[in-house]
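Read from first to last, the chains carry the letters A, B, C, D, E, F, G and H; within each, the first residue is number 1.
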Amino acid sequence: MDERDIRALLENLRAGRVSTAQALDQLRHLPFEDLGFAKIDHHRALRQGYTEVIFGRGKTPQQVAQIVRGMLRVKGSKQNILITRADQKIFAAVRRMSRSARFHPLSGVIAIRRNREITGKGTVLVVSAGTSDIPIAEEALLTAETMGNRVESLYDVGVAGLHRLMKHHAKLTSARVIICVAGMEGALPSVVAGLVAVPVIAVPTSIGYGASFSGVAALLGMLNSCASNVSVVNIDNGFGAACVATVINRL
Amino acid sequence: MDERDIRALLENLRAGRVSTAQALDQLRHLPFEDLGFAKIDHHRALRQGYTEVIFGRGKTPQQVAQIVRGMLRVKGSKQNILITRADQKIFAAVRRMSRSARFHPLSGVIAIRRNREITGKGTVLVVSAGTSDIPIAEEALLTAETMGNRVESLYDVGVAGLHRLMKHHAKLTSARVIICVAGMEGALPSVVAGLVAVPVIAVPTSIGYGASFSGVAALLGMLNSCASNVSVVNIDNGFGAACVATVINRL
Amino acid sequence: MDERDIRALLENLRAGRVSTAQALDQLRHLPFEDLGFAKIDHHRALRQGYTEVIFGRGKTPQQVAQIVRGMLRVKGSKQNILITRADQKIFAAVRRMSRSARFHPLSGVIAIRRNREITGKGTVLVVSAGTSDIPIAEEALLTAETMGNRVESLYDVGVAGLHRLMKHHAKLTSARVIICVAGMEGALPSVVAGLVAVPVIAVPTSIGYGASFSGVAALLGMLNSCASNVSVVNIDNGFGAACVATVINRL
Amino acid sequence: MDERDIRALLENLRAGRVSTAQALDQLRHLPFEDLGFAKIDHHRALRQGYTEVIFGRGKTPQQVAQIVRGMLRVKGSKQNILITRADQKIFAAVRRMSRSARFHPLSGVIAIRRNREITGKGTVLVVSAGTSDIPIAEEALLTAETMGNRVESLYDVGVAGLHRLMKHHAKLTSARVIICVAGMEGALPSVVAGLVAVPVIAVPTSIGYGASFSGVAALLGMLNSCASNVSVVNIDNGFGAACVATVINRL
Amino acid sequence: MDERDIRALLENLRAGRVSTAQALDQLRHLPFEDLGFAKIDHHRALRQGYTEVIFGRGKTPQQVAQIVRGMLRVKGSKQNILITRADQKIFAAVRRMSRSARFHPLSGVIAIRRNREITGKGTVLVVSAGTSDIPIAEEALLTAETMGNRVESLYDVGVAGLHRLMKHHAKLTSARVIICVAGMEGALPSVVAGLVAVPVIAVPTSIGYGASFSGVAALLGMLNSCASNVSVVNIDNGFGAACVATVINRL
Amino acid sequence: MDERDIRALLENLRAGRVSTAQALDQLRHLPFEDLGFAKIDHHRALRQGYTEVIFGRGKTPQQVAQIVRGMLRVKGSKQNILITRADQKIFAAVRRMSRSARFHPLSGVIAIRRNREITGKGTVLVVSAGTSDIPIAEEALLTAETMGNRVESLYDVGVAGLHRLMKHHAKLTSARVIICVAGMEGALPSVVAGLVAVPVIAVPTSIGYGASFSGVAALLGMLNSCASNVSVVNIDNGFGAACVATVINRL
Amino acid sequence: MDERDIRALLENLRAGRVSTAQALDQLRHLPFEDLGFAKIDHHRALRQGYTEVIFGRGKTPQQVAQIVRGMLRVKGSKQNILITRADQKIFAAVRRMSRSARFHPLSGVIAIRRNREITGKGTVLVVSAGTSDIPIAEEALLTAETMGNRVESLYDVGVAGLHRLMKHHAKLTSARVIICVAGMEGALPSVVAGLVAVPVIAVPTSIGYGASFSGVAALLGMLNSCASNVSVVNIDNGFGAACVATVINRL
Amino acid sequence: MDERDIRALLENLRAGRVSTAQALDQLRHLPFEDLGFAKIDHHRALRQGYTEVIFGRGKTPQQVAQIVRGMLRVKGSKQNILITRADQKIFAAVRRMSRSARFHPLSGVIAIRRNREITGKGTVLVVSAGTSDIPIAEEALLTAETMGNRVESLYDVGVAGLHRLMKHHAKLTSARVIICVAGMEGALPSVVAGLVAVPVIAVPTSIGYGASFSGVAALLGMLNSCASNVSVVNIDNGFGAACVATVINRL
């Protein structure tokens, strides 16, 4: 159905040769994806309504600041703004746009909270193996929080000190979604997932050396987890894990 | 030693039938993990209460049949039994244990349904890119169904025929969890995830040739998805994706 | 603009509150991609009008035959049908659908020619390095021919016998597009591309052993070609190279 | 046939023992590649007549400047000069050779335009997925422009915001060659190629992190594209893509 | 809750001060892992009683210093403290906590010796191939020494100068455990292991260039050693090798 | 010291200018490696005195049988003979050489026990994660046993069922050396090593699929173990692990 | 200079307007590579004069036999013919062409000796590590012999039994070129090269398992050899090593 | 033959029961490796007599200077001293040891020539593909020269400008050994080797970007060369190539 067909349809409608309902139906059933894409747009709006996100790395402070300014200019918007992989220079530029911007240097996250509504139904728990994994864990935590989740954390509970993990068993079992961050051999998600009945999102980190291959060992470990409630995101992708956790926690 | 045993011990202690030292000793020397892992066990029981799973590959028909027999002997159990990566020979052996066993040769799945209760809250939709991905998609579908989910499928909707995907937009948006199965460049999950607001579990398949490297290209594509509601399981791991979908769908 | 908006627009049109032109314009300028996708469809139809393609590997003879039957049933269609990576069994099944099917065992190609119109403007030349590369070269050649190109071939002209290549210099320079197929170190495209001023599409083959890593060495060699008129397709993807050559040759 | 033979032939010719035609024929039929290589040379001259190119990385500013000086000294030449992967220091050195040198810091391209003739027949469109891909996209754009093509660009239209791509559908369909630049999962070329009937040259970029492996994920995705009008160049090779686009656009 | 607490609880139960139900409840609801993992903990305490270890890389000087302070505060502890992968800045911060800290800049090791008891039964010999491997060899040597082993070293005895190795044959045969550190092709452990009848722990180093791939060549060489008394630790993991040597040497 | 020197020395000895003791001493302290190599031989004899080993794969049944015959002919030898990676055909050929040969089809091990002396000081415990890992675990067990160790096994105690492992805590802690066999993510050695104070030799297996890459995931996981008493042998190298365990257990 | 120019030149020569010397000079200084390529041809003829080689794998018995027949038809030729990677079927087909063909099943080599002249100046020694490497070692040996070298072999002298290698020290030092074949960790070339002052050509074999990655471990080990007189050919490329040895041995 | 045997032999000699010649002979023919190793030493002395080599990278200027001082102190030695991978700081330190030290900053080579004798029989020609490969080519050239070879170079003759290579055909054919240095696709050695009948030692360089993977593409290309007189050394190993060339050129 091309433009000519649509024109004909509209003219038939105008001339009363087809009813509105018929026209609508034809429009709906033709290259369906029209409406489909309108919905995409809508969905994205709905979903991103909570948070606008900027990936800071590879952008100049000026580029980031311009994007932020564009977001702040949208009238009536109360969306939170999140900038990941930022540094002090980006923060300085963003700060000039919004005084309420907060920078978390450990994780490189900048958050502009304009909306503190909680939309997630349960708690998103971020578990991490070693102290070196904390930057990525914090990226996940701050992202999940900015996106409207109640969050909790449990850090430095690697499998070499299993008792440290077990001591917080209650915390584990009270979470609705768990983000599990680990480098080196990446065994923590398997163990955590064996202790709970909720989805565990595994985040391999590039922490380690030698044959960790900047997170590949952890990534492979997690993809091969013998626990069946584990799915995996990219190496160091705390942000992505938090997004997945958010869509799950809103169900 | 389970709760009942412990209760009996404590009552004996209280009644003076054993000394404090004896009770302490028994507690200390018994499989300490009972208390600790009783909960684990319980969790696993609760979770796996629906389905016992056997990974068929690398096991002889006899081994599989023995495990099935063991499961069938558990009194009062109404758990479904699922065998993945099975073949005709394994099926023949299992069939001798249970006449209600059904074999799905395309996916290599054997299911013994003893319980058809639906415990998932919404629909798990399995989307696949090419006809060659169907075996893995079917493994996911049958697993999800056996684990108590309402399931639907949408096959052969690769990004080379995007309109085929769009035609089923309603199906996509009505699912609560989507399992997205694709080989080659693995781009389908990115596109599907851009159209919905629910979690998308991506399953790379080993379909393809040359630089697909038996699914590595698809795996990497999915891990690097620019859509943020995607998490990934192992190559060809339709089973694992269904498990993740199940824990999400029960939330 | 969602369904409600469109309904309103149509009612306004019907009621004469907007003109047909205005309605059409609004429809065109709204989620434009509607029309866009119609065009996709159209484009694909136009493009694939020449040839329907089935990837045979991983499909059963029955599956392939059913798809062929579906294609043959389309009334008035004169499209050629191409099946790649087929074998004798698939051919037997296809043969029952169409007596004019021809099988090329070396390349595993089945072609059903119903249309011999030449739509490419020049000659597509397929050059290959060693005799072992011929199956992939033939796949490219037969695909290009079935898709409406004049084709020529130049085989066994690897860089170890550079004079063999040079002897056919005229053939090289008279081609409009060159497909260059090579395994091992994959150096042929660099040399060929240095001799001509037309696009060279390089096809690495999995021919070789040891550190050829089933075509990876050739693939990397081609991607790193120091000649600048070379682009690359997947390992063993003679079919894909022919498709790219076809779209170029129709320009 | 060596020097002695040729000398004998020439003497026979001079002595009237063979005719000019015979001598020419003998010369033509001997190590044919003589003429062949003359053509190579000629071809390269013809082709590079438009543009001389220097790869800046790994060369000192002095080395680059010397090469530029050599090019500028060639009498009567009006060739454009292009330096890729340059930096401010190289530019400073080049500037001293030619005041008309222009530096594009985002892409690291220096262009000395001495000739603005358009030799490409249609438009080369450069499409890129994310803002971080722009440096490579610009390298492609500036190279294509310096080589005599009409160019257009369409940036930041990644598959996560498919509607942004669709909005420019007309631009896509009016191009004669498309260069498609993307990092991360590299899915954009598949989607773009599905919308058009012209050759799409895919450029993977090293943008991304973790399992993007500095562009390997994007590269593999593109090599495995399920769209058949896609060919691929090296990671970050915007220059090479523009060269391929140029030879196609001159057809 | 430790053994004393549990004893008290049991006595209260016996004395009728708590009911069976209350006792059971307390047992069930207390950090159950105490009993289970108390043993683990105990093991770790026993084992690590000699040495507390901090991995310095990726931690700020302040973080390291705080951990050291925590360790120093433990009353009555005489454990040695070892910090690996440290630098001058970390040392400065640690030095403020303990004047007896010693920094070994070549290996990046900081040791605080509070206990010089020898607990290993024989000598741990550290053998290294080239002078460039010495930093990792020293990390192993210092770790082993701090953990209570008699240590010896034999450096620069690569297989290119086999006679240098042979000259110290007695040293090799008098060791109880050998740590063998080598980069490049990593052949030294095979040769050393062929000369002795004790366990050889191979440490690949990232020394080398090109196809050494930062230690991968050495790692693979060692994993494929044709000598059967070789086991391997991670690339550059001198620390880990010393730990393995220590548990063996205490047997 | 070269031939001339030695000749001079001998002449001095003959002439009575040096004593036999002096001559012997000079010989001993010069090109030391002479004696050294004699020792090698001796060591190997001592060590291999227990067991002669043949790697069966890649050898014909005839080749294996010939080697066995050679071994059996050595007079007075009571060495055990072990053939790994053997099959039924090799066994048939070996059986003809020795009636006491025993074949273990699960692990492909053939053992000819001529000597049942226990030379290891403690127990070698073989732990494995899944039932599919048992062939490799059995190779380790049978090798260790044939080499004179007391052996025990603990199978199917993967981290997905941690309680199964914990129930056998006593077995773990009573071993002198532990061989830990696991495929998939290879997390078991980390957990086991955290529970004991003895050396743990990790054996990755090629069990798994997709991104397990035939044991690479497990191998990397083990090399990156956060437990410090773990060392690693090659993928599927149960034999090698047993050899390492044997040299440790004889200390 | 194209055909027209050359015709003009020849006519000028014929007409006496230029001298033979001038004409020759012009011809010589024009696209020189003409003569160059004639030489190539000549060189190849000279070099291959000894042996024609056919790579058997991937060719049908018919294809191989046809090539052989072509070679045998060349009048007066006394070249040896070598077919590598052949099997019994290829041999059967070749045998029908030449009764003097000999098949070496272990190495898959077929040789047709028509010429037993020794053209190499010294001995080519083929050393191999394990019995499993013998097929590749034999390919090298037979190739070198067929190409006119005196050859010797020294098999099963891996570094685990260093004394076996040392016993043949004289053989090592009397060779003019050494081909060293090894799988697993590939350490043998380093050790052999340390004992001699002649070129050592290392051939990694695909023998091994697990992390040998079909010869990659050996390849990397050899490329990273700490001995400086080692160069490397492809995995399992015994043929190539013999070719390199042959050109060296003819110097 | 062990110590006791040797003692007996010496006593027999002393007692006149064997002659000096007999004793010497027995010593020579016994555990050969004694003398063998002396020979090694001797060989190494002979070989390294020309040049002492220090690998500069990873050594401090002080370490390098100390080694140089040690070498300079050896009385009567006239060996050249070569330091590779050095920098300005190392040179400053070395300069203080020897005023005749020369630094070549492009290649990072320091040479102390004390001996200009030519020991190679022919010319070693170093050919390189691009200007960026020159540092490695120069390392090879200077090493070969310092080791006593006549050397020539031919730079910037990559296969994209094949005519540049052909112009120097005479140079190629007059060399006795060719070192061929190339990055990117590494095709130059195949082409060069096709033009000559002498050994070609291929040196892949890390020049390139993207899928060149720091020289891996070139390395694989060279290992898979279809020319049979090519062997390969490590990436960027100009030094190693020169060593191999030297041992060949001395034959």
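FYI, a contact is a pair of C-beta atoms (placed from the backbone, for glycine too) under 8 Å apart; a residue touches a chain by one contact, two chains touch by 3 or more.
Here the structure is a predicted model, which is why all the values come from computation and not from measurement.
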{"item": "Neighbouring chains common to chain A and chain F, by label", "value": "B, E"}
{"item": "Those chains which touch chain G and also touch chain F", "value": "E, H"}
{"item": "Comparison of A-C and B-F (more C-beta pairs in contact)", "value": "A-C"}
{"item": "Most widely separated chain from chain B, with each centre as the mean of CA atoms", "value": "H"}
{"item": "Where chain D and chain G are represented by their mean Cα positions, the distance between them in whole Å", "value": "38"}
{"item": "Inter-chain centre distance, chain C versus chain E - centres from mean C-alpha coordinates, in Å", "value": "58"}
{"item": "Whole-Å separation of chain centres (CA-atom averages), chain F against chain H", "value": "38"}
{"item": "Where chain G and chain H are represented by their mean Cα positions, the distance between them in whole Å", "value": "23"}
{"item": "Shared interface positions of chain C, touching two or more other chains", "value": "31, 33, 35, 37, 39-41, 44, 130, 161-163, 166, 194, 210-212, 216, 219, 223-224, 228, 234-235"}
{"item": "Contacting chain pairs - touch in the sense defined above", "value": "A-B, A-C, A-D, A-E, A-F, B-C, B-D, B-E, B-F, C-D, C-G, C-H, D-G, D-H, E-F, E-G, E-H, F-G, F-H, G-H"}
{"item": "Chain F residues touching chain B - in the complex, by the definition given at the top", "value": "131-132, 161-163, 166-167, 169, 207, 209-212"}
{"item": "Residue numbers on chain H that touch chain E, as the complex places them", "value": "37, 40-41, 44, 55, 57-59, 63, 204, 206, 214-216, 219, 234-237"}
{"item": "For the chain B and chain E complex, residues of the former touching the latter", "value": "3, 6-7, 10-11, 13-14, 16, 19-20, 23-24, 27-28, 32-33, 35-39"}
{"item": "Chain H partner contacts - residues on chain G that touch it in the complex", "value": "31-33, 35-37, 39-40, 43-44, 46-47, 53, 121-122, 163, 166-167, 169-170, 173, 176, 194-199, 201, 219, 223-224, 228-235, 239-241, 243-244, 247-248, 250-251"}
{"item": "Contacting residues of chain G [partner chain E, same complex]", "value": "129-130, 158-162, 184-187, 190-191, 194, 208, 210-213, 216-218, 220-228"}
